[in-house]
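Data block below; observations after.
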Amino acid sequence: MIIVMGLPGAGKSTVLAAAKNTGYIMKNYGDLMYEIASKQGHVKHRDELRKMDTATQKKVQSAVGDELSKMTGKVILDTHCSIQTPNGYLPGLPYSLLSKLTVDKLVLINAPAEEILARRKADTTRVRETNIEEIREHDNVNISFLAAYSALTGAPAVIISNRQGKLEEAQQKFLSLLK
Amino acid sequence: MIIVMGLPGAGKSTVLAAAKNTGYIMKNYGDLMYEIASKQGHVKHRDELRKMDTATQKKVQSAVGDELSKMTGKVILDTHCSIQTPNGYLPGLPYSLLSKLTVDKLVLINAPAEEILARRKADTTRVRETNIEEIREHDNVNISFLAAYSALTGAPAVIISNRQGKLEEAQQKFLSLLK
Amino acid sequence: MIIVMGLPGAGKSTVLAAAKNTGYIMKNYGDLMYEIASKQGHVKHRDELRKMDTATQKKVQSAVGDELSKMTGKVILDTHCSIQTPNGYLPGLPYSLLSKLTVDKLVLINAPAEEILARRKADTTRVRETNIEEIREHDNVNISFLAAYSALTGAPAVIISNRQGKLEEAQQKFLSLLK
């Protein structure tokens, strides 16, 4: 399994789009959470995922981990390195989850903070304000999480910088990891 | 349990003071170490804690972990993210300790390096010299430790910047974590 | 066991040379890998180590871990914090290996990025191009790995900066760790 993570505004989806027709199955962690949480009757809408109490959240996360651990074949898992919330940075791959998975590569897609800021400002659907220090802190924290995940699993930590005007380069680097 | 850590000079105690009358029990890791080490006859004064040999230190740490793991109710644990010693940065929350605890939040209180330097220089009780590069390195190392602790426990990593003139803001952010 | 790691061009070998006649046994992780891989018939030349498939690599790594875990006495293990490959940063001390070892200190030898760049450019045996951003990223990633290894083992994380003209200082700091 190849795990792909990215800062909001780093262009993860665009880089991931390059993996079409490579034989990899794409799985989105948030979709799996919603699927299982709604099947278990905890939520009716995706927005309610964040509002589940900690015990329920852990139960659902554990079920997602079990489902992922059963997957065979070439899988790309699309998730977050860490999620910025008012209550701090939530790890996207806590050890309780990681220890269930067979990870080949851990890929973090980022971009220079200035470019992320510009992209976020251009995104009119985005409500929350942001500033450059906040983006730098999140990027820095993400690299630390990435190294921790890599130390725990032994899988290599890959950082792909998706700079303005260099999308094709980022996609090529990503595709080279799938071989 | 909420674990609060901070760089010396970041103003951890002042931020923690805001938690009075919130129903949380405050526990200081160093106090617990001293309590147990003196009860077991290893030390007579707090200064001797650092001089215990590694085997004794691990034994006492393990006993502290056991005591903390038995605590029920709302607890704030006041400790270090890492301790700067002549022999390197000692992790405040090694996995052997963390794995015994039920951690809700991991809070790191820091401040801009320039402000920490100024505060340390103004502190006449402080013997050891310090410089800005050293403070930056320690802050950087602490953020990496914080992410590792968060990856191991699944608890969110919270960074509270306690800037000059913004103490109330830092306290408010801390109080919002206790709800 | 004391584990010493360093960025290529940081001058790890020169700092390590100071440990001659201190009673420590020096072990190089790469040498051990080659020794075991060739004994098991996987490789004939050292260059082939990188080309082993993942399953074989893990098998050999596990055997190296077993051998290291049996070592008694004072050992210095010379290895990498992370190895920069086209497929990302490979952790030098994945948890599967670390959990077998009794680690006293984790030492990372680095140097300012500008100096590493200059040293690498002067090294005519080096084929691969490099730039300052790449060196900064690797150094940053290494510090995150170091903190993760330290959190996992409880061993202190030591960073020794081997600056131009300050080799003796770096060696003295290293020697002070061996006492």
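First chain written, first letter: the chains are A, B and C, and each begins at residue 1.
One rule holds for everything that comes next: contacts are C-beta pairs under 8 Å (C-beta built on N, C-alpha and C of every residue); 3 or more make two chains touch, one makes a residue touch a chain.
Computed from a predicted structure; not experimentally measured.
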- Task: Over half of interface residue numbers shared between chain A and chain B means same, under half means different, so which is it?
- Result: different
- Message: As a multiple of 5 degrees, what angle does the CA superposition of chain B onto its copy chain C give?
- Response: 120
- Item | For chain A paired with chain B, centre-to-centre distance based on mean C-alpha positions, whole Å | 30
- chain A touches at least 2 other chains through residues 144, 147-148, 151-152
- Which bits of chain A are touching chain B when the two form their complex? 54, 58, 82, 85-91, 93-96, 98, 137, 140-141, 144-145, 147-149, 151-152
- Item | In the complex, chain C residues that touch chain B | 104-107, 143-144, 146-148, 150-154, 156-159, 176-177
